[in-house]
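Heads up, the thing below is written out as structure tokens.
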Amino acid sequence: MEPGDLRELLEQVQAGNLGLDAALSRLGNPPAVDLGFAHVDLHRRERCGFPEVIFCEGKTCEWILSVVRQLVEAGQDCLATRVSAEQAESLAASFPHGRQDRVARTFWLPAKESGPPVGQVVVITAGTSDLPVAKEAVVTAQALGCGSELIADVGVAGIHRLLRHRTRFAGADAIVVVAGMDGALPSVVGGLVDCPVIAVPTSIGYGAAFGGLAPLLTMLNSCAANVVVVNIDSGFKGGYVAALIARRAHKQI
Amino acid sequence: MEPGDLRELLEQVQAGNLGLDAALSRLGNPPAVDLGFAHVDLHRRERCGFPEVIFCEGKTCEWILSVVRQLVEAGQDCLATRVSAEQAESLAASFPHGRQDRVARTFWLPAKESGPPVGQVVVITAGTSDLPVAKEAVVTAQALGCGSELIADVGVAGIHRLLRHRTRFAGADAIVVVAGMDGALPSVVGGLVDCPVIAVPTSIGYGAAFGGLAPLLTMLNSCAANVVVVNIDSGFKGGYVAALIARRAHKQI
Amino acid sequence: MEPGDLRELLEQVQAGNLGLDAALSRLGNPPAVDLGFAHVDLHRRERCGFPEVIFCEGKTCEWILSVVRQLVEAGQDCLATRVSAEQAESLAASFPHGRQDRVARTFWLPAKESGPPVGQVVVITAGTSDLPVAKEAVVTAQALGCGSELIADVGVAGIHRLLRHRTRFAGADAIVVVAGMDGALPSVVGGLVDCPVIAVPTSIGYGAAFGGLAPLLTMLNSCAANVVVVNIDSGFKGGYVAALIARRAHKQI
Amino acid sequence: MEPGDLRELLEQVQAGNLGLDAALSRLGNPPAVDLGFAHVDLHRRERCGFPEVIFCEGKTCEWILSVVRQLVEAGQDCLATRVSAEQAESLAASFPHGRQDRVARTFWLPAKESGPPVGQVVVITAGTSDLPVAKEAVVTAQALGCGSELIADVGVAGIHRLLRHRTRFAGADAIVVVAGMDGALPSVVGGLVDCPVIAVPTSIGYGAAFGGLAPLLTMLNSCAANVVVVNIDSGFKGGYVAALIARRAHKQI
Amino acid sequence: MEPGDLRELLEQVQAGNLGLDAALSRLGNPPAVDLGFAHVDLHRRERCGFPEVIFCEGKTCEWILSVVRQLVEAGQDCLATRVSAEQAESLAASFPHGRQDRVARTFWLPAKESGPPVGQVVVITAGTSDLPVAKEAVVTAQALGCGSELIADVGVAGIHRLLRHRTRFAGADAIVVVAGMDGALPSVVGGLVDCPVIAVPTSIGYGAAFGGLAPLLTMLNSCAANVVVVNIDSGFKGGYVAALIARRAHKQI
Amino acid sequence: MEPGDLRELLEQVQAGNLGLDAALSRLGNPPAVDLGFAHVDLHRRERCGFPEVIFCEGKTCEWILSVVRQLVEAGQDCLATRVSAEQAESLAASFPHGRQDRVARTFWLPAKESGPPVGQVVVITAGTSDLPVAKEAVVTAQALGCGSELIADVGVAGIHRLLRHRTRFAGADAIVVVAGMDGALPSVVGGLVDCPVIAVPTSIGYGAAFGGLAPLLTMLNSCAANVVVVNIDSGFKGGYVAALIARRAHKQI
Amino acid sequence: MEPGDLRELLEQVQAGNLGLDAALSRLGNPPAVDLGFAHVDLHRRERCGFPEVIFCEGKTCEWILSVVRQLVEAGQDCLATRVSAEQAESLAASFPHGRQDRVARTFWLPAKESGPPVGQVVVITAGTSDLPVAKEAVVTAQALGCGSELIADVGVAGIHRLLRHRTRFAGADAIVVVAGMDGALPSVVGGLVDCPVIAVPTSIGYGAAFGGLAPLLTMLNSCAANVVVVNIDSGFKGGYVAALIARRAHKQI
Amino acid sequence: MEPGDLRELLEQVQAGNLGLDAALSRLGNPPAVDLGFAHVDLHRRERCGFPEVIFCEGKTCEWILSVVRQLVEAGQDCLATRVSAEQAESLAASFPHGRQDRVARTFWLPAKESGPPVGQVVVITAGTSDLPVAKEAVVTAQALGCGSELIADVGVAGIHRLLRHRTRFAGADAIVVVAGMDGALPSVVGGLVDCPVIAVPTSIGYGAAFGGLAPLLTMLNSCAANVVVVNIDSGFKGGYVAALIARRAHKQI
């Protein structure tokens, strides 16, 4: 709360125009639910524009169900990522209306029907094996309300495969490029467009790829000025930030 | 050129409505000037929304002057980064109207007066030593036509220093967070806002910072979903992508 | 044995006031039991204030049982960590009174009932997945006789979740902060308190977390002066050192 | 401010017993001074028990002098580390009463005469070349008000050199062990005492020491349970945390 | 298409000597088939002298079969590498004439009978465990139409084993040397011959071999000037480039 | 063959005193058997003082049996290391007289009964988990004909455990020290003796031990001048070199 | 010498048709000159097709001059690389006819005039800063007798710059691609041609380029099958192997 | 002191046959001199067979002189390594009889004339640039009383250079092999001899040698069983351990 607002609030209290409980509520901490093993951040939607997302790796089905329930009860959208087969089954049993994508390993339970998509995110992969990460990006961008399109397997060793789709991606608000091995694709895409490119390195490849380290370094050193990078295999972050950019480009000001 | 456009062009040629030179020019390669030691990409402004930027490290003054001249003659804006003292002097002698920032190590020679700033980029640093990198981001964002603001030395070890400036940065279109050492600041900022945060690790620090590797890894693993990362010390890229986002948010559609 | 004490002892021997066996015993090596595959250090309690702790990974059930028996016979407390399911079963069969914590993977067999807790250790985690490591810290601190409290899932991406618990941890004698991914939480906690903070990086996370390397480096580079670091996933060491600090703060002098 | 306190404050405002300015001051942000290039955290002494410490590397003399002046004007102690020869000269000119240690590269300007030392910190080095880092630890511990003692060059290759000083360090409240190369000394010391050992790896050594990485890893993997680690060459942190422990052990409760 | 050719084409169109469809086809993109999950590059054979090769790791049997079918229908040779047992079975069911090598994990389905081998590639291994990688090189070189020979287990610890085969490899057009552990063999071979040596590090070995990093670095630093390196375990690339060199040495000019 | 010897041989040929076959045999290559998948170096015993040793990882039972048979037929000792359970069974079936050690994972089939041991090798471990590696060293040293002794679990955190065994190891010809985690033991042992110490890092430990990298670096940086290092987990090399030293110390000159 | 040849030689000796000195000379070691600090390998030209090349870093001018003289006296070509300014001056004084290239840092002293160039090597750089490494490749390829061409600064961020030169490089016998930063160019070039591509990573770039590690990994993981890699900044090796390939492609068979 | 001896000593004290001072001296700590900045270990010669060696890097001339004086006064040999030009001058002024080797950077001041050399150490280098490290090994081996020989620049790229010297090194008691770049030489030498080979990696080389990391890993993974490794550039340790082995091989038993 800003100093000016604070003074005004105190003046209202002093003047008897504002009750103590109302004042306390406005001064109070943002809401969070303590489940013992987790603090569900019910204020994140307001602060960050999207509710807390559940990263499922290393969590029990019970823990995950509890958090989903908190979000549902609070009337918020619920997105879960890295959902294992067992977790998916558990979620399906309790929330049959949730939408599951087994390639993307996601679970998506919107609070209400979404409106028409806002803005356009394009997701491009260098190879076929990058598809699971790319689909996680697609699902996430859609959950944030954006339109999205997927162009798969257009790596730089056959550059004409990419160039023929140029009109499909040149008009995007943001592009997510998913690549393993040499990770060269984001630099080429970045040099063809005027929007931000979010590069997602994948752990695909062998030998000196070192679990994604090679494409990660490639992308960080991209000679194209509009390329930014997220964690290895983090299709979620790629889709999330691309959607933030696209939504902002089309919001009313 | 798209298939449909191509057919139309050929029809015009066939019909005698378009001369060979005009047709060739429309079919031709985008412009680039071969200086022997460099190919100046005069088409980048059209493709990417900003002309080629000159990275000055490891280049002779003569090389740099030649490239600047090509851009100037083409009527394009010229931004140079990592300008050494000697290079700065050489540039000042030839282009006295260029604006130099000795902390940011930049040279900026706009083709014409810029209009009013579009969108707002906020640059935040964790420490005082991060200032040169942060200023490079500020200069770059301004060169791309955005408004920008700098909040310095508000690292997480005194979290109230950051929180008191919340209204200054919560409304930004994009935020650049520059931090060395533990690189923890972008995660905290990311959790407070609904716009993308571009994290720039710096090589500031000693020992196990390993030349910026520590904050780089921290930022890639940020638990905030809206944080993306660029290369160590790359204030330029941070400011560049933030400005792309901000411009897009305020463009006419 | 100090030079002064040594002279005194020899004088007593010379004077016939001290028998040879008694003298030898006082000069002799501290006790240790050689089991062939292990040397149980029965003197560690005296030297270090706590008996030898058994790290169970890579050991057979027989080896572990033998060492536990040595400690029990010597009337010493027995703490075992990284206890597998099979080892837990084996220990339960032989020592049914031992207390097992399956999340913490610990086995705790005190020599006698502990007195009231001395000092206060608070254990804080950034995420839910950090719980096993955090619980190992809690069990260890309690085994050393300290009071302990656990605050889970208050990572920096929702900083208000941490701040609302400030009074619970600001009065601690020592704080253990357990975090994976970006490992940013110890720096924030460190800047809010006047006691030492022991940071424990976890191997939670994926991609560029590199098995805990990322939070390890973050914590080593913490901009808060009161943060020290232990090995990845070493909840044991975190709880151990925190308890040493807390016990010392409340001992009679 | 806690919920209970907040309600009480509002009641006083409501009742007219507390003026608006006083209420605002009690609700307000902790003090920090914005110098443009730095935010001096004048509240850190209250929160953390010691004022902000100035890390001088990569800062201009002017920046450093400004911050020192802020602390002096606020009546707070001032400690600066990593002071270069040029910075030392500049500080000496403005603050002739400051105490400089050229081996430790420190500047120390207490707000008032310190009282008798509280608690005992022992600093031990493995080699002669570790002295600058060790002295930084000594100066820091003294600045925090502790007694301190230095035992130099007692590395494990001649273990009797360490053992003969056992009585000098076995009674310490906390021990700082500074070592490069193999970094083996903290494990040996840790096994001989019942207080925490803060291990400081140094960048001394050559070849496969890799700038301190080797002793850093050694210390993180120490088989002694009471060993914690700080950044490479960070004598400051070693002395700081050791002093926190020692002060706490002797404070009135 | 070159500027000269382009002008000529347009002149033909202008003169009515070339129809629009024919012109468009000559101007058009090279062929590629979009399967949704993959873009099969049917133009690679023309550009690069060999069709697209299918890397099977991380792909479903269905995906692989679809791509194989595309190549077969286009009348192109088909080579697949890293074929798992399950994938091999699936391929055998659909393409019983394909040749499978279970040690090399390859599937080879030539479009037509190959002619006599052109040029000579020798594959040498340091140890017995390097055989799978070496055989992948042999199969690849043969698929490109070259003669090939395998000399196994002649590592440098018994240098006479290599020297006795000198006449077998000294006349080769290119040599592939496959080695794990110390990776020293390529340097020795390189110093004995006048043709290029393609070094393939393997992940064989333990401890400080770090999954092939050790031999990779050895080979990159080879003191023999004619040694080049490919990815860890990449027998495919080793055989491919060796065959390119051998074919070129014997082509008609 | 030396120039002088060569001239003498040729003189004998010229003089008709040496037949062509005999001359060729003396000039010829040392013996090696080419099995297609392996070249068994039957000359190594003569050159290096011990026959080729079989490293079994990644090899089929058939390959191993073939090589063992070659050695047996040549009347040479046969030592195999890293023998899996399946390989052990296969070897036992064919060579029931071979001695297997399941902890050390070795197979030892001497050509004839060994004589009395020559020289003394002591193997020391820091922890109980280091035993498999240590036993590999013991078996190897014995295979080379040396006496050997094992002292287990005397790591530096309880230094008295080591010191009490000083007379057992101070008289050794060479000492093998096996340690994981901090790897500090070789430095301490090295400082107590006048013989070479061969340090063997193990992959025991967790977190920042990074699969043995931590103790490897520690040992390479040992401050004791008589410490040399072999590969991670390579008990074989440790025992081998220690035995070479011990044999040489007791050979007749 | 092969067994058959050896028998024939001995028969001639036996028959008195070959003198001892002649026989010894044919059996003898290949020539090498021992200078105490160096063994000049005068046989390398015969074995490997090119004389020993002098790597000048870390050598005194005297050492270098001595080796050059040995080569000149033996009538062999002499190429020196990494020639410092001081070394260049020293070489110029003694061998004024040598050709020096100050950008490439090379010294080239052919034994006789070279004939017309054989084969064609193209050297391509991603950036202007890669020129010194690229020129070393050009000089080396020419020293081996090949034609060569340099195309500079055509990195992938402006892909049309590369594509417009396609006819200049598509017909080469081998291509050397020199790139720092993201190192993406070799993959793109590799996908456009049917000859081997030798990728040379450079240490150009900053931050996460880590002295050339980033482009090195990129290139090792190239998705183009015809890309091989040499050491960081090793323009020499790039040019050397490219020339070996080109020479072989045009030699008479 | 052993238990038996201790009892005997106490009996003598009890019986009055041994005075207190004599008893204390025999029970006392080994001698060490505390200079404040250093503890000179005057007992090391007795324990380890050679006095403490002074590593001069990072030490002042005064510190070094003081330690040298202590050793001289105690009648012990004095060896100093890594002596800078300034330190060399300072040592020459105070100890004009000391022998300095400027290539090896050593200072050697024997307490008395050495006798005839015992045993034979051979030092072999791969390249000319490895000479300084090799000479440090030679000087050290000689200081320990061994004969030594140097064979320079016989790297594996011209294997005949090494093989022609086989008789010079095959009879050695221990061989030190010094190599940078690919570090392949120790494996080849190891396969030719029956004595231990101590491999010393050097930081010579560029690019992916990473300051000696490449040859270090090569050597640790050597396929020859008799190769052990010391720190990068540590000619001292190489020569030291080789001399220990050689001395032991020729000592009277």
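Each chain carries a letter (A, B, C, D, E, F, G and H) given by its place in the written order, and its residues are counted from 1.
Criterion: a residue touches a chain if its C-beta (ideal position, glycine included) is under 8 Å from a C-beta of that chain, and two chains touch if they have at least 3 such contacts.
As the structure is a prediction and not an experimental result, all values here were calculated from the model.
A.B. asks: To get from chain A to chain H along touching chains, fewest steps?
C.D. replies: Contact-graph shortest path, chain A to chain H, evaluates to 2.
A.B. asks: Relative to chain B, which chain has the most distant C-alpha mean position?
C.D. replies: F
A.B. asks: Counting residue numbers used by both copies over all numbers at the interface, does the chain B-chain D contact come out same (over half shared) or different (under half)?
C.D. replies: different
A.B. asks: Taking A-B as the reference interface, which entry in E-F, F-H or G-H shares over half of its contact pairs by residue number?
C.D. replies: Checking each pair in E-F, F-H or G-H, only one repeats A-B, namely F-H.
A.B. asks: On a C-alpha centroid basis, what's the spacing between chain D and chain E, in Å?
C.D. replies: Centre-to-centre distance between chain D and chain E: 59 Å.
A.B. asks: How many angstrom lie between the centres of chain E and chain G, each centre taken as the mean Cα position?
C.D. replies: 24
A.B. asks: Cα centroid separation between chain D and chain H, in whole Å?
C.D. replies: 39
A.B. asks: Can you list the chain D residues in contact with two or more other chains?
C.D. replies: 44, 157-158, 190-192, 207-209, 213, 216, 220-221, 225, 231-232
A.B. asks: Output every touching chain pair, sorted by label.
C.D. replies: Chain pairs that touch: A-B, A-C, A-D, A-E, A-G, B-C, B-D, B-E, B-G, C-D, C-F, C-H, D-F, D-H, E-F, E-G, E-H, F-G, F-H, G-H.
A.B. asks: In the complex of these two chains, what residues of chain B are touching chain D?
C.D. replies: Residue list for chain B touching chain D: 128-129, 131, 152-154, 157-158, 160-161, 163-164, 204, 206-209.
A.B. asks: Inside the complex, what are the residues of chain E that reach chain B?
C.D. replies: 3, 6-7, 10-11, 13-14, 16, 20, 23-24, 27-28
A.B. asks: Which residues of chain A touch chain G once you look at their complex with the stated criterion?
C.D. replies: Its residues touching chain G are 126-127, 155-159, 181-184, 187-188, 190-192, 205, 207-210, 213-215, 217-225.
A.B. asks: Can you tell me which positions in chain A touch chain B when the two form their complex?
C.D. replies: Interface residues on the chain A side: 2, 44, 47-50, 53, 167, 173, 190-196, 198, 216, 220-221, 225-232, 236-237, 240-241, 244-245, 248-251, 253.
A.B. asks: Taking the touch rule as given, give the residues of chain H at its contact with chain D in the complex, in rising order.
C.D. replies: Interface residues on chain H, with respect to chain D: 29-30, 32, 36-39, 41, 43-44, 52, 57-59, 63, 201, 203, 212-213, 216, 231-234.
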